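In the two complexes that follow, subunit A is the common piece, with subunit B as its partner first and subunit C second.
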Partner chain A sequence: MSTQESRKERINRGIKVRSDGLYALMSWRELSYLTLPRFIMIAGMLSLPFLMPDMYWQRVISIVCIYAILALSFDFLAHYVGLVSLGGAFFIGTGGYIAGILNSYFSIPPFLTVPLAAIIGGIFCTLMLLPCLPLKGVYFAIVTLMYPLFMARVIEAFDIFGGTDGLVGIDSFSSSFAEQYFVIGMVLIFLFGLRRFVTTDRGLIFTAIMDNDQAVKASGIDITRYKALAVFIASAMGCMAGACLTHIYMWSGISQFALDFSILPIAATVIGGSGTLVGPILGCLILVPVSELLRDFGTLRIVFYASILVGFILFKSGGIMEFGQRKYEQFERWTKI
Partner chain B sequence: MEILVYGTINSVSLALMGLGFAMVYGISRVPNFAHGALYIVCGFVTWTLFHKIGLPYFISIILSLCVNGVLGILMYRFVLIRVRGMNISEIIASYAIGLAILEGFRFGGFRGMTYTLPVFMEGSLMIGSVPVDFHRLIMMVIGILLVAGLWVFTHHTRIGLALQGMAQDERAALMLGIDSDFMAMLAMGFGAVLAGVAATLILPLGNIVVESGYHVLIMSIAVCIVGGLGSWTGAFFAAFIIGYAQILTVVFIGSHFQMVVALLAIILTLILKPSGLFGQQKELEERV
Partner chain C sequence: MTDPILKMNGLSKRFGGVKALKDVSFDVFPGDVLGIIGPNGSGKTTIVNCITGFIKPTSGKVFFRGKDITGRPPHKIADMGVTRTFQVMRPYYSLPAYKNLVIPLFSPRAKRTGGWRGGGNLGNRQTIAIDILEDIGFERDSYIPFKKTSTLPTGYLKRLELARCLALKPEIIICDEVFSGLSMSEIASMVPLIERLQDEGITIVMIEHRLRELFQVANRVMVLNFGEKLIEGTPLDVMADKKVKEAYFGSEEVEEVMTYA
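Let's turn to the complex of A and B:
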């Protein structure tokens, strides 16, 4: 057996290096190199409702976007603030119930309940999670995993808000067109908004809290306040997704606290690429339709996506997005050692 | 009297469920979210061996415990070893495995009320004025023996001491020549066997249903967190606290609130004292 004589090296493409600085503005080629991926993303998302004329698949688009918002909030919280929340269902359920209550008890129209649910739900979730903000790592993960289960049991035990039947007869959006463009718009706004936000001063403090909270504390910054702010942002996003879900299905119930909403966004984030913010959306665009296609197989689809998840964690922990980015920005070649 | 007797029985069964989880976390620091799945696997394997293949009950139990142990070892060797030390990947990976196993069983047709295991011994006994069947008594005796046996094992055998060393300080243990990956694998195997023991003791009291896998996972996490993650004695005492609390709520408030109590216990413990009642984790490691 001969020893290995060559190794693979990765080098940045020339165009990537040229378009890094201000000089990208000098040529259309560099400009389009920078903007093309973003443009494809936006145009692709906006044209989805036209590409899918079928009623059933249009519904799937809305669901994809709802999961995408949730996955985006998970990614933001986990990889930019360092708080891993396994309780996506808590946000969805809270938002869903608030929208349901506002609509069926106070008959507020959907275009008001969604923002209201986002704000009230965000405040509610932040207050509920406030006592456990000092926790780190696995402890925070477990306590957030318990919240949705706890809420579901409380609603069931006290038999409030319709008990096990849930709230029925909630208004839907005015048309399916409005519904889809609303959720798609929300995904895009949150995506680019968060990308902008994490590079601001506040975003830097969040990242610093993730890297070394003691050092941030020593600099005289109140980390609990910043963590609460981050949780508010993430939970408001989740609650908005939940409110949309309630209006799409015209129903809100205990199953909105189900583990699906906690697990699928995480799976999407791992598959798409954690810490990239675009990755989770990509993951949702892949996972949710696949899971719809496999609906005939019943619970086998859960087995299927659980195994994909394990495979990605083990062999491609960077996710699709990181892989794609590397191919886009760098080329590889074999060199002699 | 009824509260006392059934509270004790409930507590022992909770302790049995939590012991495996506590052991794996205590030694390898891997939160094994596939614990509930391993519990159900043991139940179904025993059922298959006993009813389909027709082996004697005792032999099928022993065989399924072995299957469980091997499964735990394989899970550690091929999956968890690669993500060890990364908390979130550990949780996601083990939870995904558990989910795949449980939902796989559901797809494979193991659902409904038809899957039952026979009790070890028919008949019942009067304790004071409360009738208690023999199986529950056997379960209590075995449970207490198991805890005592584990104590002896970890304090007086070479492997047990090595495991304890790992639990206290992994790097120091590594320096003294204890193979930490092998020990963690062993711990995972033991944890899986303990989940299996809990299953063979508790499942004959009811039906084998997939949902109880999730239930067992939540209860074992509750027990371990209240007692302090990684502390076995803590898990044992916490099982008694939660066990009695549950029985008391069932008697005085209503059976709907049984689960609420457990979840409330987790949330309150994590907020007030995250290291649990008997936890030995340093405060700084888990909170700021």
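Let's turn to the complex of A and C:
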């Protein structure tokens, strides 16, 4: 005889069912059930510069957004295309250096260097990663980890672009508000753009490549082209983030190829919820400020940092987003067996 | 006699020391249903992989409509209309069943041949996908095409494999064991489907272990043994052949199989 008398069951909330598809137009309540979370997200992001009064925390917001763009590109590549990329630092560094070169050698203003760095950097990164595209999963991850190290050593060894000192005296954004709203706007555009993109027919091909690349080949579709397109999208995002970073610090140097830029987005994705696209942004909103707050503890902050990560992996492996979405859409109750 | 649509010329494939295929030549004519049978490990799937470009033959040539397609990449060969199913089914498990077909419908060939070039929008492609699924035996007006692929039973997944080929408006379908793993009743409903595809003018190459059903639909059968072609002929010829009996059926079971067919 079993001692278990009842079990927990999860049932969709009524309003979740009522607001499915076209039925969402039934009333304002159903409509707001669907749109409110998105609205809160947008409004919250846009009001951040006002909520954070002092210069220091305003700078932190910009850094959060840069990491968020990077995490978004990691999540897209890893969970919608199946390419686990550790090349975040490669993207940031490439974008950063391109923006730096364009600004200090050709004195192009920041609002032009950022999009230029995104496009040129995206093409450059895609061409560099082209030989690795047949690789999958962990193998792709290992190879992409090599690129930022490679780039940093090349710049150091040949003493180009300022060598170990980096490029200094780069223009900053015109004001701190311009800087923050630019990066926040980019995060929101990329987030909602990608979410729309992955559900289109073209976006479905990426998911199909992740599930089963052989079957996509047998369907008469060139998977290398689509993988290259995905890498271009992700690296252009990363390079844009890198270009913003260069203009924020008014400097671009070898430390932009530091592995932090590869690792933190992954941690943020784990915490936020992988494959949700919003999750990584939430993860960055938590992780980056926490790591700033823990700065007083010196090197000990890595310990705190690591324990947060381990805690999430052990107890909430789905991430915040998955947990929150479940609570939002379903309720739990105990029933007698 | 008409020209062969698919022509194999001295196809050989070695995997290191293993000779998977030894100098296999055969022709497939338009409208044929060619069965390829043989014991396990006799190189049947290797032939499919060589034709569709998934592996390159060590020597020999494959011609499609007189054009040399040896060693071309798989997507180019599929683009010409030579499609295949996989022995181990390869659907996109994280997508709903009907969205599995959006991928082939998005391919350049489908855009060219499908007649739905004008309406390239999202809803359109998904409606076509559901039409194809219903056409191939998913219950009409049911929720099954909308179910997640990972929850579908094997019978539907095998049909989905065929549907993926059909979405490309193929000239040849190479079926790698479509009947395996299906129940008797599921196979019974698959046979008319194959016959209908043949009537529509699609050439079919079938690799099969289910001899009774294969001999029902095939008009020619080729027998492979250890990578070598034993014999090629009508089903009746093949069954009567002595070498085939020894290599494939085993001498004592022959009577039984004969009565099957």
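As a working rule, the second predicted complex is superposed on the first by the 335 of 337 C-alpha atoms of A that agree within 3 Å, B and C clash if a C-alpha of one lies under 4 Å from a C-alpha of the other, contacts with A are read in each partner's own complex, and residues count from 1 in each chain.
Criterion: a contact is a pair of C-beta atoms (placed from the backbone, for glycine too) under 8 Å apart; a residue touches a chain by one contact, two chains touch by 3 or more.
The structure displayed is predicted, hence computed values, not measured ones.
Once the two complexes are overlaid on the shared chain, A:207 sits against subunit C while remaining clear of subunit B.
Looking at the shared chain after the overlay, A:31 reaches neither subunit B nor subunit C. The partner of subunit A that touches more of its residues, comparing subunit B with subunit C, is B. With both structures placed on the common chain, the touch criterion links A:317 to subunit B but leaves subunit C unconnected. Of the two partner chains placed by superposition, only subunit B is touched by A:147; subunit C is not. When the two structures are aligned on the shared chain, A:219 is found in touch with subunit C, with no touch to subunit B. Annotation: subunit A residues 214, 217, 223 touch subunit B in one complex and subunit C in the other. By the touch criterion given at the top, residues 200-202, 204-205, 207-208, 210-212, 214-223 of subunit A touch subunit C in their complex.
Within the complex formed with subunit A, the residues of subunit C that make contact are 52, 54, 73-75, 78-79, 83-84, 86, 90-95, 99-100, 102-110, 122, 125, 164, 167-168. Residues of subunit A touching subunit B in their complex: 78, 84, 86, 131-132, 134-139, 141-143, 146-147, 149-150, 153-154, 156-157, 213-214, 217, 223, 263, 266-267, 270, 297-300, 302-303, 306-307, 309-310, 313-314, 317. Put simply, subunit B touches subunit A in their complex at residues 31, 79, 82-83, 87-89, 91-93, 95-97, 99-100, 103-104, 106-107, 218, 221, 225, 229, 254, 256-257, 259-260, 263-264, 266-267, 270-271, 274, 285-288.
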